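Would you mind keeping the following structure in view while I ask a few things?
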Amino acid sequence: MKIEKGGFLKVSNIINIRHVPRTGWVLRGVPPAVAETISDHIFLVTLLSLKISQDLVENGFKVDVAKTLTMSLVHDLPEAVTGDIVRYVKEEEPSYFKMIDEKSLESLGMGKYLPLYKEFEERKSLESIIVKLSDCLATIIEGRKLVALGYRDVEEIVKNMENQVEKILESLSNLELRKALEKNIIGILEK
Amino acid sequence: MKIEKGGFLKVSNIINIRHVPRTGWVLRGVPPAVAETISDHIFLVTLLSLKISQDLVENGFKVDVAKTLTMSLVHDLPEAVTGDIVRYVKEEEPSYFKMIDEKSLESLGMGKYLPLYKEFEERKSLESIIVKLSDCLATIIEGRKLVALGYRDVEEIVKNMENQVEKILESLSNLELRKALEKNIIGILEK
Amino acid sequence: MKIEKGGFLKVSNIINIRHVPRTGWVLRGVPPAVAETISDHIFLVTLLSLKISQDLVENGFKVDVAKTLTMSLVHDLPEAVTGDIVRYVKEEEPSYFKMIDEKSLESLGMGKYLPLYKEFEERKSLESIIVKLSDCLATIIEGRKLVALGYRDVEEIVKNMENQVEKILESLSNLELRKALEKNIIGILEK
Amino acid sequence: MKIEKGGFLKVSNIINIRHVPRTGWVLRGVPPAVAETISDHIFLVTLLSLKISQDLVENGFKVDVAKTLTMSLVHDLPEAVTGDIVRYVKEEEPSYFKMIDEKSLESLGMGKYLPLYKEFEERKSLESIIVKLSDCLATIIEGRKLVALGYRDVEEIVKNMENQVEKILESLSNLELRKALEKNIIGILEK
Amino acid sequence: MKIEKGGFLKVSNIINIRHVPRTGWVLRGVPPAVAETISDHIFLVTLLSLKISQDLVENGFKVDVAKTLTMSLVHDLPEAVTGDIVRYVKEEEPSYFKMIDEKSLESLGMGKYLPLYKEFEERKSLESIIVKLSDCLATIIEGRKLVALGYRDVEEIVKNMENQVEKILESLSNLELRKALEKNIIGILEK
Amino acid sequence: MKIEKGGFLKVSNIINIRHVPRTGWVLRGVPPAVAETISDHIFLVTLLSLKISQDLVENGFKVDVAKTLTMSLVHDLPEAVTGDIVRYVKEEEPSYFKMIDEKSLESLGMGKYLPLYKEFEERKSLESIIVKLSDCLATIIEGRKLVALGYRDVEEIVKNMENQVEKILESLSNLELRKALEKNIIGILEK
């Protein structure tokens, strides 16, 4: 792909993530016609982020909703350039893949969102925690659905994500926030 | 569908809009495996809304970005209950379908977004205009792609949407806003 | 869709119902690649209508087979214009949707079948009862198959259709006819 | 497949023809997600048969509409057992494949339609001519659509079918009938 | 299909077997979007043939690996001309279908592999036994996967193939070879 | 994915590459239902390798056919673990991705083919050159087909591959070999 640096929003490239099935599912036996796509996933993450941040706001926490939603929308956009690369490949060279993701975002004309992308990767701000939790939840929801259809190998990813959710919650020092998030997550996973 | 009133976010229902191909495309000969889905569409509308509102903000206009993004996310959610109903069916009874849409939104546990949904339907606020333009642009982009693949009947929808964009722009009394939006739209459609 | 009134059979429009997955299935989580289409459904309804009417004729009942088959073929054709609209949307304004369906049929060049369509909707003649039963049976057969594949939300539709079948049978005053139909239905659902 | 002779309508087998893409299309490069299925095809043939026979009746010809529709429905049902076998395979042993088709029909619990199936194969009655013409027309309509989408190898089948239509028309000694059919065919292919 | 005799490799025809879902699966209710294709199947057969022949070589048996792999690649290629024809159709006229397959292979420009194809059909050489076993194993592996997803009618094919594997093993007079093959098969089916 | 080192052929993992559409196509707008999969691609590469090596052998060149076919089968197998990662991601860290690929191959129980995989990557032996050329040709053939269907962005990949073929041919010092390969390639691309 000839990808020029900088520039304007490249909708014609970004739109193609609707054709990319999530690699985690297809490598566990889910045909692309059944597997969710990256854009399906981004949509769900953004919706869950909205739900969680709205709830926190209503309970007195300070959340920048615009930032949360934008971060949700942007967090997987580099995959319009790179495709969906599995954790197994990335985990030994995280900094290399961060660099590639940032270059990809820029090449899509989304350079102005780099700071937000980095904030997401650092997972320190409340907004980035909400988006990461939503990311995990969206995967758990889809994964459980696939397991119920008989795609048993998917269970591994679901468990993995459930662990991640737990770890994120445990790492929170603000106990009231943690309680509010827990209540939210239980509500989302039960419906 | 047994749909209880009110309640909590029903993710398990909302998630199914990823299986609903847009009726406008399939009724013009595009197989579901090629046609975009409602969630694909919502994702693109939200991304374009982000792009346009960010740009307006940078040019000194006052846009509530959180509201714009939320409205984009929510504007087609009733279709998780109703499916995608074509304009031909709706246009003679707009108030009936508005009522159905509002009931549907509520039944999905999204009742708190009813005012936003109504604001979108009224198309008076700047945010609702941005979302409607993004809605049309997202359809034009996908439609042109389909026409290029040989689905010629789709052209009718593309033209229709181009006319809608023009009408919305013409209706704006703030000429600076209109100019800023036009520049944005040209940029999006050219890339 | 620009739809002119009257005219000749519009095959190029009608053919597109093969791209429309049944909304009831997709809104319950069945991907379009797995869900049946409207034309799949019409084919099955027509086949079941043939089976049932043939059987009744052989048992001495008077059935107009040509009428039954034509009614089966025609009963969902308006969906080539409207798409497949769920009961939830239609049930509060049945007369409006009947009007839309009739206009749609006419616009497809099938105006001469309007009386037949109305006869189907009224459900008084034996032929219209056979077609309606076949419609329910075709949905039960497909629904049970989907439930067996793990699409559990579909069960609601299956039960609904089973109730409809029962109600139709109960409403019959001719007990011999009722018995003959029951025998038929049991035979079809068991194989 | 364990297929017992005789018996009752085997809906659970017949229903599977909706998963069989037409071999002629897929062997010319059309992916199954784009190609029509056997049940899509049967539906269209039956609809065209209805159209043509109704028209002939209105113009004073004597057509058994029930027979025409039943024949249309039944003419490709053996493929629920055999799959869709291309002409190249069948043409040197037509009697063997007729035998297989008839056995298949019987095993689907459709034995009572064997005389009708044979009548179709003999192509002597007006009803069998209408069904065969509809069969060709349905293939031409779908084929032209595929050619317009860029599947150029399909053209060979379209031409083949156009020749068949011409030959059938030329073989008719009743010139008024021929004229009526020609008018019908032109009408169908133009819309 | 106009197929000239002899000539050069016809890649543009052969490539289309990737669009042909295996008839055995689709006629048992598996949608093409879920069913494996002929090229998927050939790939798996070739891989299993490699595995088995490599293993035999390492255990001191004499296997022509190049011949085994070529035979695997070629054994289903005639289906690029004929489509995938089920056993039910072929079993009463095996010699006719062998002739058709051989003509098809030739027409694909693969005439030089006819002796290999015949060797496969005769099932006497060790290489042909390895390929046939791999053919059965590949079908068992896919079949079991489909059964686990809820496609229960597929079980019939799985059992059939398991019987075939057993019969082939029982027919081997060289007991050491038989033991080595059994060990291999158990290893493959367990992973 | 929990992937243990060494061990036996993991068919249940390898089989999933049939669900992985090639990332190059989907990121250029080809829906997975139209795009080829990794196993489709491997099949074609292996077939072309057979064709080319057979031809060279017949013209007096010394080719190890078994090695060529095995290398073709194995060359993309690591993607059963990693998915299909685009060149853009890999090109700045080739040694890292080679390491990942080798680990993946081992984890699939294919460790014994590591030397062959390395030989392929070094592109020095005649066999590795044949496989690489087949890899490019298979991509050109599929790419041209997609361009003809209207997926114009694919042209970039086709040109890229055509350049690679040319470079490989130019790098050959044995002019007779080069001539023989050129003749082969022209033959393959013309049919």
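Order of writing sets the labels: A, B, C, D, E and F. Residues in every chain begin at 1.
Here is the rule we use: a contact is a pair of C-beta atoms (placed from the backbone, for glycine too) under 8 Å apart; a residue touches a chain by one contact, two chains touch by 3 or more.
The model shown is predicted, which means the values in this text are computed figures rather than measured ones.
Peer 1: Moving only to chains each one touches, count the minimum steps from chain C until you reach chain E.
Peer 2: Graph distance in the chain contact network comes out at 1.
Peer 1: To test your reading of the model: what rotation angle superimposes chain C on chain D by C-alpha positions, in degrees to the nearest 5?
Peer 2: Nearest-5 rotation angle for the superposition: 180 degrees.
Peer 1: Specify, for the interface formed by the sequence copies chain E and chain F, whether it is same or different in terms of residue numbers shared by both sides, with half as the dividing line.
Peer 2: Result for this pair: same.
Peer 1: Please indicate which chain is farthest from chain B, where distance is taken between mean Cα coordinates of the chains.
Peer 2: Most distant chain from chain B: E.
Peer 1: Suppose chain centres are the mean of their C-alpha atoms. Which chain sits farthest from chain D?
Peer 2: Looking at centroid distances, A is the chain farthest away.
Peer 1: How many angstrom between the C-alpha centroids of chain C and chain A?
Peer 2: Between these chains, centre-to-centre, one finds 42 Å.
Peer 1: Measuring centre to centre with CA averages, how many angstrom lie between chain A and chain D?
Peer 2: Spacing between the chain centres: roughly 50 Å.
Peer 1: Chain B: which residues touch two or more other chains?
Peer 2: As it turns out, chain B has residues touching two or more other chains at 15, 29, 31, 33-34, 145, 149-150.
Peer 1: Taking chains as nodes and touches as edges, what kind of graph is this: line, ring, star, complete or other?
Peer 2: Looks like something else, not a line, ring, star or complete graph.
Peer 1: How do the chains pair up in terms of touching? List each pair.
Peer 2: Listed in label order, the chain pairs in contact are A-B, A-C, A-E, A-F, B-C, B-D, B-F, C-D, C-E, D-E, D-F, E-F.
Peer 1: Once bound in the complex, which stretches of chain E touch chain A?
Peer 2: The touching residues are 31, 33-34, 145, 148-150.
Peer 1: Help me check something: in the complex, which residues belonging to chain B touch chain A?
Peer 2: So the residues of chain B touching chain A come out as 8-12, 14-15, 18, 33, 36-37, 39-40, 42-44, 46-48, 50-51, 54, 65-66, 69-70, 73, 109, 112, 141-142, 145, 187-188, 191.
Peer 1: Which of the residues in chain D come into contact with chain E in the complex?
Peer 2: Residue list for chain D touching chain E: 1-3, 13, 15-16, 19-21, 23, 26-33, 35, 80-86, 88-89, 92-93, 96, 100, 156.
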